Amino acid sequence: MYFGSDNQAGASDKVMAGLMAANSGVSAAYGDDEWTAKATKQIQQMFDCDAEVFLVSTGTAANCLALSCMASPWQTILCHGQAHIINDELTAPEFFTQGARLVGLDSELPKLTAASLEKHLSFGAAHPPHNAEPGVLSLTQLSEAGQLYSIEELNQLTSIAHEHGLYVHMDGARFANAVAALGCHPSEISWKAGVDVLCLGATKNGALCAEAVVFFNKELAKNFVAQRKRAGHLISKSRWLGAQFCSWLDDEHWLALAKHANSMAAQLSAELSQLSFMREVWPVAGNELFMIMPKQAIEFVRERGAIFYEWPQNLLPAHIEVAEGEDAVRFVTSFRTTGDEVSGFVGALKEFSTCQHCSIST
Amino acid sequence: MYFGSDNQAGASDKVMAGLMAANSGVSAAYGDDEWTAKATKQIQQMFDCDAEVFLVSTGTAANCLALSCMASPWQTILCHGQAHIINDELTAPEFFTQGARLVGLDSELPKLTAASLEKHLSFGAAHPPHNAEPGVLSLTQLSEAGQLYSIEELNQLTSIAHEHGLYVHMDGARFANAVAALGCHPSEISWKAGVDVLCLGATKNGALCAEAVVFFNKELAKNFVAQRKRAGHLISKSRWLGAQFCSWLDDEHWLALAKHANSMAAQLSAELSQLSFMREVWPVAGNELFMIMPKQAIEFVRERGAIFYEWPQNLLPAHIEVAEGEDAVRFVTSFRTTGDEVSGFVGALKEFSTCQHCSIST
Amino acid sequence: MYFGSDNQAGASDKVMAGLMAANSGVSAAYGDDEWTAKATKQIQQMFDCDAEVFLVSTGTAANCLALSCMASPWQTILCHGQAHIINDELTAPEFFTQGARLVGLDSELPKLTAASLEKHLSFGAAHPPHNAEPGVLSLTQLSEAGQLYSIEELNQLTSIAHEHGLYVHMDGARFANAVAALGCHPSEISWKAGVDVLCLGATKNGALCAEAVVFFNKELAKNFVAQRKRAGHLISKSRWLGAQFCSWLDDEHWLALAKHANSMAAQLSAELSQLSFMREVWPVAGNELFMIMPKQAIEFVRERGAIFYEWPQNLLPAHIEVAEGEDAVRFVTSFRTTGDEVSGFVGALKEFSTCQHCSIST
Amino acid sequence: MYFGSDNQAGASDKVMAGLMAANSGVSAAYGDDEWTAKATKQIQQMFDCDAEVFLVSTGTAANCLALSCMASPWQTILCHGQAHIINDELTAPEFFTQGARLVGLDSELPKLTAASLEKHLSFGAAHPPHNAEPGVLSLTQLSEAGQLYSIEELNQLTSIAHEHGLYVHMDGARFANAVAALGCHPSEISWKAGVDVLCLGATKNGALCAEAVVFFNKELAKNFVAQRKRAGHLISKSRWLGAQFCSWLDDEHWLALAKHANSMAAQLSAELSQLSFMREVWPVAGNELFMIMPKQAIEFVRERGAIFYEWPQNLLPAHIEVAEGEDAVRFVTSFRTTGDEVSGFVGALKEFSTCQHCSIST
């Protein structure tokens, strides 16, 4: 009954098999290997587009290297107030961009709104060079709250950004889950929707450790090779990055993995909605559920082996009330989650709800 | 009728005379001159304290060099949402601190509140090293909205900061005006009130170009000399910084200059409060007035030679309503402002209010 | 017949098997997994010392993160003029240290000498803060020229460094080869010889992608966790780093791999020394040979499948003469090099020397 | 008898008078004042060229801001091994350029040679992105050794640089002395000789504290305004920079000041060459003399009020021998040096040479 994080599952068997197969023999290093070349071609095919593609080993590296190619050190980067880049990457964005500033908007909503973006940009920089001017809009798909931006929402947000001269970055750590949820083509929520640079995450969705930075706006890629080397992110035995992606991309393996994770989340959500003491913070959209639940229930199911995390209450919207005996929690499903885990977990909660000693009055 | 900025007046006659007198003969360079030594001693006397003192030429350099000695590149610096460091120094704080992050609080209030600070700090950094932890609290006295922090307010804010392990920085660009307004001893709103490092501004209050970074917490000064040199802020003919401060500090010249500026602002405020079409945003506390006034009136007095600036509406508190025909403006008085300027300006506004062609119906 | 680089072999079977085994099930992320904990303990045992240990994925990251914990941005880092950090890591050292300066010494010798170090340090910084002061000595074992520092040489160099207040960093990309060559205990050429921080490379010696930063001077480790996160080098599925090291360290697998590589190099050297037209630049010490050879011979053996690289002539010592028809080359052996490759390569060269059409007159 | 540094004289009377005159009344701030505008026009006239001009307060700021507009963080900046930027500005160049690397050439010669530059550039970057590629050539006119680059030498050096795609920066802290020495037009040793960006120093030659960054290659100026603000070098009461330059430039005041300094140095050199115990390191070219002299003589004249500095022996060419009882010294003349100071100093040395008790046997 593991619902902790999609970072804590290992890699899929197919990805591991590819890695093993790639290990034999010598091969050119530093990204000049055949697996990297093949993965690049596969990603271009996935997006039906002649993008510049670079592979790196962590999501923070992917996001921050991308941003370092998009923002000047004296510009701001607009993002949701709970975005991974502002909340979970220490000050890596400042380090890689050499001092650009993150500005968080809509912290109390589950995703960024066009109205907030429009309002922020309408003020502009009244007195340059005293004020920092916006240079990049960063969107996260799925959002940090597990929510989806629709194709329309993306188009609206990126149009506003481009009208004001901003580039658009997308943190796609759960991009595969978004494609699976929307049933769209990957291009529709990336370059066709105005995204200049996408960080395509494989790690959370079945790879061991592999992220791709995809420059649809190829001019922005000019300094990537230098920035990556300078940040120590050019891998010598680069085939192990390429090989992971080759397997992950082959035969839409990535989509199958994401669909499974999403369906497990949907099933979990459907079951939990039957329980009166469990309240959703936001509706499930991909592979994450955010709920308010009794502290006693948390304790009860943890004793029975369930693993999941509390969600910091300062990241909840203002209108969500958390009572004294409750806590906010996050459940994440992954390609490894099984139906048995879901039913086992739901069973434990049902047991809790009927248990005399632990019954609750809500 | 000049109410534009206290940056636009030249230096006081006394400061200029001191500068001239210091120019003769050769003298040691790079801060080893006798004027710098004397100014340092005078500042220690001013604060009744054995502080480490360094002189620099701009307020941005003073603030950012100070912060570079106080914050790690992976910490946050908490400040008011309209603070000069977050709003008017481009991304200099990030540059000097090598990537520390500014977090603005209480943007819609005229100064920082203990409640907001307490709330922000109570969340802490849930998952280090993923989240950036607060390292510094930066206060501005007078605040950007021209408001005063009382001795009590300062003590409360710095106590909260220190309890959470933060250092306290004070941007004292208008520190002299604050001392003049409170009638207190300089130490009472600096080190005695928990300030670790004060940037004492002379430029806005009668100097040509001179700021002092005063380390009450002397351990924090360890890297200042290296940081200053590295940022190109070590002046060769350093006597011209020292000499300005010597005159400015001599015989409480600084206090006389600030008192004059404050009294001109008070007089202006008293007169303008008689005019029904002029509304104060915040009450006058030092040498700055923020008001809402009819656009027609702005045009009318400008044609008669008045100089002052609009204040960006996104920097106003949410409850302040600005009607279609109105604008927010800022009036700043300085050591050079004369009673004639004040009465001339008020006269022009009275003329406006009685003028047939331009009368307004508010 | 592959003598290109020890970066281009894949991982050893044992390392890959360990990686596969570690993939099953969920596990804590971000370095909190059991494999990382076990590898840390194994490294402490390897060095017989309670060091702080951190795992990262590239040598550049290891070196530069270590240096970022050792040098101030206004200090210099002394190294050999051909060190990897000054020659092969772009400006990563400057990026990670936020501006410390590399100073290369002894560029025309195969390793750093005590005399040069002593001479450089004797000048000191005549006029602080105008001149940058040395803060770190960085040694590479094996050196870039494939040479060994003896225990005595290390002790002498680190003593000089410590006497002048410098910390000592060791780039140990080929540390295992050095231990194998010297037949010493790992501690004797690391902490017992005055090394404060060692970057222990596994990648070139049988791992897929794994380096350890070993802080013998534990106080220096204070900021490592923040620096690593900020540089995007904290791996989410960290078990894949830990698992590689567990296998690599188990049962002195690392030493067996290094001994093999060294013995192949020794064998190659012995054979090549029989050929009059092959001249050694430096004697073989570990797993690298540097030679001058006829261009015709290079072409001849490459046509027969040999792979190896030219060595830039500006990196050769001044006294080495390279004639018109010659080139400098580097042969690197690895854990994967076979006796057949060596004898095949030597055979091809012998064929070249007796071949009528391609015979040379040297 | 002051021959210490041209940084230790105050400003010329004319410059101070201009500063006083500019102080009255209010004026636009942050470089929008009339004096800055006028100085810009005067500098364009001085160079007969439509350059972009920016004023700053220190030489380190001028050099490093210029370099930050010319070099990428992953490039190298080639300069003489004793250049001010590599020897006397701490690690400011690294700080401003965010990590570009200085490479010093010809350390043992008094100025950079075409041969060394050509040789260094011929190697190129063998393995990008592993090696840092040269991006900028920085020349100092007068050189750090007080030597002149002729028009021909400059043309040769800048041609080589441009052929290899480098930009050319000139540190002109003593540019006025060079123009006075060569009797040429300022344009002939700047843009007509291939200089892209000149840092024109006024401070050492009669100003209080004023340097101009002159972009002949105007495209390079694109980011200057942002970089200057971000480094805290945008002066609020900017008229004091403009006013200094207005006076300094008016009626070729700068040239008169430099000619005087040079003529005093020539006179001093002529007199000292008569004394057998004084040996020139390099011939005098501008306003600096470098000599080897007996320690006893140093002591003797210092007791009689002479002020001057020892020159670090590690900055001397290898062929210069300094005996046990000798030291290398530097004499600098300035606009303030008088004939009486020169003759007084020479007199003291003559007295020394005839003095029984202190006679020397060389």
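As written, the chains take the letters A, B, C and D, and residue 1 is the first residue of each chain.
The rule is simple: a contact is a pair of C-beta atoms (placed from the backbone, for glycine too) under 8 Å apart; a residue touches a chain by one contact, two chains touch by 3 or more.
Quick caveat, the model's predicted, so the values are computed rather than measured.
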The pair out of A-C and A-B sharing more C-beta contacts is A-C
If chain centres are mean C-alpha positions, then the most distant from chain B is chain C
Cα centre of chain A to Cα centre of chain C, whole Å, reads 36
Chain-centre distance (mean CA atoms) for chain A and chain B, in whole Å, is 42
Touching at least 2 other chains, the residues of chain D are 30, 73-74, 89-91, 95, 98-99, 129-130, 226, 229-230, 234
Chain C residues touching chain D in their complex are 73-75, 87-91, 94-95, 98-102, 123, 126-127, 129-132, 312, 314
Residue positions on chain C within touch of chain B in the complex are 30, 72-74, 98-99, 128-130, 223, 225-230, 234
So, in the complex, the side of chain D touching chain B is made of residues 2, 4-5, 7-11, 16, 19-20, 22-30, 56-62, 64-65, 89-92, 95-96, 203-204, 208-209, 226, 229-237, 239-240, 307, 336
